[in-house]
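Please find the structures below.
One chain, chain A, appears in both complexes that follow, with chain B as partner in the first and chain C in the second.
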Partner chain A sequence: MSVFIVETDKAGLQKFYEEIIGKFETYAPVEKFDKYDYKKVSNLSECNPDSPIETTMSLKPLFFPKTAKIMKFQEDSSGTTLSETDEDPLAGSRVILGVKHCDARGLQVLDQVYNWDYIDTDYQKRRINTVIVSTRCDKAGNQCFCTSLDYDVENSDAHDVRIVNGLDGKIYIQGVTEKGEKLIKSSSIQQPASDGAKDELSKHYKAFDASFRLKMNYTEVNAKLQKLFDSPEFETVSSNCISCNTCAFICPTCHCFKISDEKIKDTGVRYKSYDSCNNGYFTLMAGGHNPRPVKYRRWRQRSLHKFVYYKERFGMNLCVGCGHCAISCPVNISIFDVVNQVSKIMQ
Partner chain B sequence: MCKVDKIIDETPDVRTYRLIMNDPARMETFKWMPGQFVEFSLLGHGECTFCISSSSTRPGYFDCSIKRAGVVTADIHSQLEEGMDVGIRGPYGNWFPTEEIKGKNLLFVGGGIGLAPLRSLIQYCIDNRKDYKDFTILYGARTSADMCYKEEIEEWKKNPSLKVILTIDKPEETWKENVGVVPKILEEVVKPAVENTKVITCGPPIMIKYTLVSLDKLGFAPKDVITTLEMKMQCGLGKCGRCNIGSTYVCKDGPVFTYEQLKSLPDEF
Partner chain C sequence: MDHSKQIQDIASKLFAENKIDYFVGYRQNAIDDSQVPYLISDPAEIPRLVFTDRSVFNLANYLKPEHTRRKRVGLVVKGCDSRALNLMLTESQVKRENVYIIGICCEGVLNEKGEKAQNCIECVMPDAVVYDEMIGTPTGKREYIVNADIKELATIALEKRADYFEDIFSNCIRCNACRHSCPLCYCAKCCIDQETSTLYHGANTSSGAMHALMTWSLHLAGRCVDCRNCEKACPSHLPLHLLHKQNESVIYENFQQHLAGMEKDDRGAFYKYSLSDPDDFIL
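The block that comes next holds the complex of A and B.
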């Protein structure tokens, strides 16, 4: 991990942002009706990279689009011809500003499933061509619990550049990866940080860590859930769910998708779009057999996939503790409460 | 892309589609093992997962046997004709342990369309007959009309090195073979010797469930019972997230499992 750090002040940071927006294709949180989402911006006044409010949607759609055309086909008298779609999976490089810890961590989690065995090249291209700049995590939000999920905030390399508001009033810009270091070096902010900078960063992260309302003993929850497959508690925790799938669509790590065809006359397109294990038809097979026909079984799959299976398979937890799902759920279900409540019944 | 070379009506609701790749060079190099599956697209209608029901020891083509069960399979049956194109991705998944079962007695237990994946292995073993010892096929269907691969079964019956036992659920006037469900016939008629025998089974879930009980009663160890699972799949690449049982992806780690492996998975069935 790189320890390249420069220090600046508020005006310097604004300048840093402006330079990036001027030079690269840039995405940043943009406000609309008091809610924020990552949008393409051409001017710093359009966006607010330092807003403490989390975005409604995670960073995921910028790497794994809600709906993507993956193939075209054309039929004529000689047969069927397949062709690539004209959608360019991100040719140039881009920068994303104002990313929170959880969102960046979510991409690291997605990397595991997209890069094992068969590699999703579109996703990978987008990943390689993107520089992620984080800010905004000075204080934990109401539904945040990222530090509980074996995530080392201070030594994380999930972002390329981290911007930290030091408790001493200075702003530190830290290049964490090679990509990030290069981005800082290409800017006009070049004041090297003083010797005490590392300690200042540590202090900042300690204060951040102490600001969490939600705390979970992850090791314990993980161990207990492994033994609670048959727990009747899954029925209780899922009873309010209306299966709207909002949680999965906005989740930074949910990656299930479906493949569907659309055909008009002789031409057609194959799409890949978001799907969710909370959807009752998700595992329904032709002929009527469905291994998860009822809600509690789907919630069991969702909880265990997030807190047990993925960890077992890929070594990471499939929940980054961002709280997006709890904030957007129309019936106030929070994955934090679900896994806590289920594991609580075991002493 | 592949062309449908031939469509064979197996039963009132099962058809076998014989496929040949449009590119002869690719057909030449297309190799698969018994038990593997492909993603089969009727473009514009959708993509489905089917096992390959023939063996690559019989090169130049491959078969998919398709039962009319859902939306896409109904479209395949009603709209796909000989000479038309279908999209094929694959082969995916693991396969029957063809090496491990060498030198063993083989007992195949199939029901209905469940004979499709077994047929690939049966053809493979017939074509490498000297590698395997006693060879028994127990196949059941609801009625005699519901039996797949009728002509091929007749050939198997004529083959002196195979023992073929057929059964249907209810008596029929012209039916001269066994009557009764597969597990019953397994216990009362086949009475297989346990020693040095591997059982390969596939069929509807209810048949598998009771066949496993019967095999247990007969004294078969779970590690000697091999089956292949059906799960909703879409990508076949371990990404789309619907075929998992616990941390196991059926499309990558399966579809072929021993009963011993199945027992260690969460009980989602």
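The block that comes next holds the complex of A and C.
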């Protein structure tokens, strides 16, 4: 990991942001209907890269869009002709500002599945051409638990550029990857950080870690859940779930999708868009059999996929502890509570 | 408004007399002032039941088949929730003998910011209209108000109105939380989920969202009771009430001041066809 760090202050950081927005296609948290989401911005005043409020949607839609055209088709007397869509996944390079640890980690987790047996070239292209700049995560939100999971938040390499608060109004901008280092070098902020920077960063992390309301013993939860497929607790924890798809759609790592056609007369487009295992029809088979017709089976799948199966297959936990799902859930179900309650490790 | 004690007492009584298999109420959320729907089948959990002005969610939603599986249930309903329940009873979705209804004379609930919720300001019927037991003092029916945002909607020229909604719906993520949180959306398979259909495709385009939400709002026209469960459930915070309140105001004006679910066995404006019904509001 690169240790390229520069030092600046609040005004310098604003300038850093402005320069990026001036030079690159930039996405940042923008407020609409009292909530934040990543949107394309052309001016720093439109957005708030330092927003302490979590964005409602994760970073996922910028890499795995809500809806993508996968092909076009035309039917005539000779049969069906298929053609490529005219959509370019990402023309040039872009920068995303104001990204939290959890969101950035979400992409690392998604990389595993997108680089697995089938390589999703559109996703790869978006990933390579994007530079991710962190937000200054100072204090944990009510539903955050990223520091309790299986990744090292302090030395995370999920961002390309990390921005961290130091003491006395100092702000450190750290290039984590080559892409990030290049971005910092192209800016006018060039004052190298003083020798004490590393200590300050670790002190900052300790204070950040201490601000978490939610802590879990990940190793224990993971070990216990492996044996709890038949636990009756899944029925209790899912009793008030209304089976909407919100948690999966806004999750940084949920990656299930469905295929649907929009057809007018003989021509049409085939779309790929989000789907969710909490949806009652998700596992409905052509013959009419549905292995997960009831809520608790769907919740079992969701919890175990997040905390057991993905870890077994790819060595990473599928849940990144962002708390987006708990914040947006209409009935306030939190995956943190669910896995703790099922594994009977109450905090 | 704190009826927690009374609700706990009634729930204990119902379990003791074996009148219900489970009870649906609210419990305090662990992290903030908000409350969560709480389904209990064990009387030992009764002390966690609460009811205050934070008891927002419309619990009639839990009478849908996927939650109840035909068991006897005790349920807490506010004015708007009871209207939804009334419609579910009328539309044969729930058997009256299977629900024990605890009606509340509601004084209005609070929104996330701690202010009185907008639908409570506009509320026409704060008292439960169907109940086995009533808590609180009834205050009676109130005057129907058309709020400023709906009046403003009517001033937008027709050709611009589509753009206005297109702009709002472009933020929709098609999660269908609105539909799942609506007690009156009980279809076993919703028309907008027909994935083999090319008319209602499941894709997340803004025209797809527009199509789905417009269809949804028309299926609820004359049935929506303005509980705003959908709007509170929406992760994108879309102002979904605009669709429903607009429909409601047109129906109120044109169909003998009809309001959904107010009376027993009232099947709604669109079921009562009369040759003298006006049609000049139809585009």
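Convention: the second predicted complex is superposed on the first by the 342 of 347 C-alpha atoms of A that agree within 3 Å, B and C clash if a C-alpha of one lies under 4 Å from a C-alpha of the other, contacts with A are read in each partner's own complex, and residues count from 1 in each chain.
The rule is simple: a contact is a pair of C-beta atoms (placed from the backbone, for glycine too) under 8 Å apart; a residue touches a chain by one contact, two chains touch by 3 or more.
Here the structure is a predicted model, which is why all the values come from computation and not from measurement.
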Exercise. First (chain B), second (chain C), both or neither: which does A:A11 touch?
Worked result: neither
For this session: Considering only touches as defined above, state whether A:H305 meets chain B (first), chain C (second), both or neither.
Result: first
For this session: Please indicate which partner A:F249 is in contact with in the superposed arrangement: first for chain B, second for chain C, both, or neither.
Result: second
Problem set entry | Which superposed partner A:Y274 touches (first chain B, second chain C, both, neither) | second
For this session: Check the residue A:K258 against both partner chains and state whether it touches chain B (first), chain C (second), both, or neither.
Result: both
For this session: Once the two structures are superposed, pull the chain A residues common to the chain B and chain C interfaces.
Result: 258, 260-263, 268, 275
Exercise. Can you list the residues on chain A that touch chain C in the complex?
Worked result: 32-35, 37, 56-57, 66-67, 142-143, 213, 239-240, 242-246, 248-250, 258, 260-263, 268, 271, 273-276, 280-281, 294-295, 328, 330-333, 337
Exercise. If you look only at chain B, which of its residues touch chain A in the complex?
Worked result: 1, 3, 22, 41, 43-48, 67, 69-73, 84-85, 87, 205, 230-232, 234-235, 237-242, 244, 246-247, 252, 266-269
Exercise. Touching chain B in the complex: which residues of chain A?
Worked result: 73, 75, 79-80, 82, 113-114, 116-118, 120, 229-230, 255-263, 268, 270, 275, 277, 282-289, 291-292, 297, 301, 304-305, 308-310, 312-313
Problem set entry | chain A partner contacts - residues on chain C that touch it in the complex | 29-32, 34, 36-39, 57, 61-62, 66-67, 171, 173-177, 179-181, 189, 193, 195, 198, 201-205, 208, 229, 232-233, 235-239
